[in-house]
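Chain lettering (A, B, C and D) follows the sequence in which the chains are written, and residue indices restart at 1 in each chain.
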Amino acid sequence: MLLVMKQNATQDQIDDVIERIEAAGFTARPIPGGHRTAIGILHNQGAVDPARFQGLPGVKELIPVTRPYKLVSRETKPENTVVRMGDVAIGEGKPVLMAGPCAVESLEQCMAIGKSVKESGAEMFRGGAFKPRTSPYSFQGLGEEGLKILAAVREETGLKIVTEVMDNETFDLVEEYSDMVQIGTRNMQNFALLRRAGLAKKPVMLKRGMSATIDEWLMAAEYIMERGNDQIVLCERGIRTFAMHSRNTLDLSAITVVRKESHLPIITDPSHAGGHRCQVGPLARASAAMGVDGMMIEVHNDPAAALSDGGQSLYPHQFSKLAQQIFDIHDLVRTQGEI
Amino acid sequence: MLLVMKQNATQDQIDDVIERIEAAGFTARPIPGGHRTAIGILHNQGAVDPARFQGLPGVKELIPVTRPYKLVSRETKPENTVVRMGDVAIGEGKPVLMAGPCAVESLEQCMAIGKSVKESGAEMFRGGAFKPRTSPYSFQGLGEEGLKILAAVREETGLKIVTEVMDNETFDLVEEYSDMVQIGTRNMQNFALLRRAGLAKKPVMLKRGMSATIDEWLMAAEYIMERGNDQIVLCERGIRTFAMHSRNTLDLSAITVVRKESHLPIITDPSHAGGHRCQVGPLARASAAMGVDGMMIEVHNDPAAALSDGGQSLYPHQFSKLAQQIFDIHDLVRTQGEI
Amino acid sequence: MLLVMKQNATQDQIDDVIERIEAAGFTARPIPGGHRTAIGILHNQGAVDPARFQGLPGVKELIPVTRPYKLVSRETKPENTVVRMGDVAIGEGKPVLMAGPCAVESLEQCMAIGKSVKESGAEMFRGGAFKPRTSPYSFQGLGEEGLKILAAVREETGLKIVTEVMDNETFDLVEEYSDMVQIGTRNMQNFALLRRAGLAKKPVMLKRGMSATIDEWLMAAEYIMERGNDQIVLCERGIRTFAMHSRNTLDLSAITVVRKESHLPIITDPSHAGGHRCQVGPLARASAAMGVDGMMIEVHNDPAAALSDGGQSLYPHQFSKLAQQIFDIHDLVRTQGEI
Amino acid sequence: MLLVMKQNATQDQIDDVIERIEAAGFTARPIPGGHRTAIGILHNQGAVDPARFQGLPGVKELIPVTRPYKLVSRETKPENTVVRMGDVAIGEGKPVLMAGPCAVESLEQCMAIGKSVKESGAEMFRGGAFKPRTSPYSFQGLGEEGLKILAAVREETGLKIVTEVMDNETFDLVEEYSDMVQIGTRNMQNFALLRRAGLAKKPVMLKRGMSATIDEWLMAAEYIMERGNDQIVLCERGIRTFAMHSRNTLDLSAITVVRKESHLPIITDPSHAGGHRCQVGPLARASAAMGVDGMMIEVHNDPAAALSDGGQSLYPHQFSKLAQQIFDIHDLVRTQGEI
């Protein structure tokens, strides 16, 4: 933290601020400047909130300097984390494709889609059994029945299962049936859910909140890691901006920053970001060119009859073509290396 | 829903779309225009998602027309809802002030602040026992001990208690001790929590999500109401924008829209929106001039020692002066009437 | 500027950065911390851009500390600036109301509106002769003929005239006919226009850019002041956010910050922020409660026939009532004082 | 336009609205629905603003349906526009790289960078002679001297020149020396400049405004085209969002939408979007994977001594490597085709 004093702050005000900083257990380091004094606050990552110093007489503003996260930080652990589920490894090079319908609708539907995406190169099957819907009148998912269908798809195809968990009541159930539990964008700061995920025996995919900064996102991952689960995959799925031509704005620059700041693998969800079928291919190829560790893509065998998100689901033949494109771009970019 | 066809859509494409709309149980109403055809989709508020029609051949875009909410809509219930807790009534004219510290820290602290804000005209006491904190290393609240302190403040001062509930595990506890349970901005679309709140015997204060549209906010309230609890107070607490000089941007225009669209009472939280002590007074006075039904304001007896949000907490003497200003502005604006 | 080094930056890297800072004519002040070193860059307000240090080896990030503006800063000039046009004074206490149609349409229209708003307490008449329109096919304003109409309204009513100038080609003309020239939101960083405004003999109203930070806004004012014109009125007119229920989101917290940072008077434009007639009254009353120095409000004698922005224009009888409300709220708030 | 009536609108109100629509020269087409009536407004692309109907009794809201642009629309001209400058063609397949320093600093600098980027595959040289700077105290560019340097680089290397024009006063000059004139993000709605650009004999690169919707952007292009200049290149350069980890958020989904809506070529500026050197490569590769028609990239021979934007400029050897990567990705994506 850097505390900037007003130009006309008196020495008494400066001394008082320093005294309060030290009384709170921090170290104060005054930095006299040309026009004003700034005061560094060191060792401020504990339970006490330095925001308290903000309104003191003579104080102009408070500027955070160090990042608040520890366990997820690359400064703590320089090498990449690889998240493993059997023979599937996220963060080891090849992008892991997770494909399937928005919502699990029936065994037939899932089996058909599952076989198709498996053949196209997907390693994981996605599909919601519990669905977060804006409206209480929208289809809310099949629940446990949906989880059983997912398990059947795994049984038949060998695809690993990733599916969303929405609350602690159903966490055990979701954890049992899935290979990776997904925490959705609306729950990124559902701290009870994060804490439970920290005790899970399965990897966790943590989607970025629609309006979360990278700091907030990594701090949400820190909640999980702090409880003991270090198998976390971050998923950039678009942020909310004024631009309404796509459902959300895919923030690809976040990938570069997350990789600098953290050792955790990161994937994208071009389907939810784009929100329109025609957006998915281009955003997926762009993600591949960023070298992401994987992608979630919605695929439906009959999008025009889908119970949710039909407009953004790919047809199986589209996914098949796209998967190959993604692998080819990824291979190319990998051989290219950094500039 | 209005489905707009491309200029060059063929009659076959138009017919196909109409057929699919009707096959899904909706009514299709084609509207030939000067340059293109649009098709109205009627009776589309059921469980089926019309987004599925979006990617069909010849379709340019899908435009929502009717609002998705029902129970919270003023078209359903034209008269204002008043939320009552004993002799406290939110939505009946006088703005209800809810004041207190960000976090419950100790009995002494709360009792001192409670007595002071009561004397200044507050009718409710606010204070977090369970705190949603960005960092797992920040003070997380006193938990049940905090709730007991709140109950003691009620006992002593007669102030009603509003406090945040963060998860279903602690819902019974929070419901038992409080007079109104608060759902925070990060949990606005925590649907498990909303459903539980719908069964609560206490009123619910629903804060707007940091990046929620008004439709999403009202739909979150619809989740609560649909389960049977119609005692809901909406709270505008600032949205996330590019403007970083305040913690969030208080969206006062939301108040006018919510009042047109819904019968539920609406209050503001100038403390969290402003994020700096110097912002709280002006934003509170502006809220009063908008004629809000109440306000949540953070007050701390020693802000520079607060365990959280010290920089935005008012001193008790400031709150005392501000409360009177709020009442005076409100009285004036009420006599002025609409233009 | 504060330059934060990486945790693992070597002493050589630190030394190299310091050397480069000093070679560029700045003063470097290293601040060793618990985990990493930060380096203060002093005297950095000249023509050289310290961003250049950003990519150097070992550098983690660059954090601006001091504000970049000088002349507009309250630290440079502590007392409020009052902008005077004859007997009209903006910044002296009473809010100055500027009312009139979005666009000047005819002499009859303007004269009728002008007389009406004058009677209601407006001191200035607003109306566009040159209109910035998103579409080249929309009504672009009457040009010089419009200016002459404005002058006739002044002649008849005594109202001062504020009207938008869109380019340097027509600046002389607009300057000649008006009492205050307005620079619109789309031109806030039209630097040629700002420089010309700096040479104007008339006061300038500078609207905030739709996505401008307060720093950028004040720097735009600095461009004007640096050329010699210190008669500047800032106008908050709403920012662009994800919230689409109002045309823009009126950022009232900007008023508090601008007043702390600058000595220039500040007004709001509730008409353009709200974008709907029903929003104007509430936002105007909220602005009054913030104690603004004035307001621009669109009034039209026949909104349903207006050539632009009809939906947000007040009827004259509405403005009459609103003006009195604004004065009453302002009087009340002024007697209340700060908390 | 679709005008949605309130549920309880009376037949008289509906009739009155229809009458007013037709009196204004439009066609009104009522669409009775299940709950309410909507009214289509046809032939509304003239000079009259239908927003005027918004506040009429019984009217709930106004929803735009057709796009406002004509000449730039792909519905008007289905085939792609190719912008040609001698043997350089933008929009014909191969991405055109425009590289060079942020600001022209000296002949030596530009010549060195020019030769280098030419060798790396750039076809155009970029460099600002007139610089839009937030601060009046920052380096404002060399002006005409800078233009002469650019011309010398063209002479020596054969690279075409693109440089920013900031105002009409210097337009002739910039037009004379450059091969393509650039209109910057802050001037996207500087309508005087757009009109002048519409008369230019040189192609125009129109950068997207920092908070412009795609409609506003295309309408700005419409201003240029309406005056006769159809040689326009659109440039996505990042939008302003709450996410501050990059200078702006590159909105790649805009590319897909622009290509559907318009026939104009589109490029990106990963340097200004990213704002940090480490962001440029990844965002450039992502842009290549989107199949853009070109890219603007900042290259500096000594970034740490650059007079502006040093922190986001690539070293020449980095650009050399990146250019090859861009071409390789583009070639791959082109052979892949759509899905």
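One rule holds in what follows: contacts are C-beta pairs under 8 Å (C-beta built on N, C-alpha and C of every residue); 3 or more make two chains touch, one makes a residue touch a chain.
As the structure is a prediction and not an experimental result, all values here were calculated from the model.
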item: Chains contacting each of chain C and chain D, listed by label; value: A, B
item: Distance-maximising chain from chain C - centres being C-alpha averages; value: A
item: Approximate Å spacing (C-alpha centroids) for the pair chain A, chain C; value: 38
item: Rounded Å distance between chain A and chain D, as computed from the means of their C-alpha atoms; value: 31
item: Shared interface positions of chain B, touching two or more other chains; value: 211, 240-242, 244, 278
item: Contact set on chain D toward chain B in their complex; value: 2, 4, 6-8, 27, 29, 31, 33-36, 38, 40, 42-43, 63, 65-66, 75, 240-242, 244
item: Residues on chain A engaged by chain D in the complex (per definition of touch); value: 211, 213-214, 239, 241-246, 249-257, 260, 273-274, 278-279, 281-283, 285-291, 314, 318-319, 321-322, 324-325, 328-329, 332-333, 336, 338-339
item: Residue ranges of chain D in contact with chain C within the complex; value: 20, 24, 45-49, 51-56, 62, 68-70, 132-139, 166-169, 186-193, 210-211, 215-216, 219, 222-223, 226, 240, 276-278, 303-312
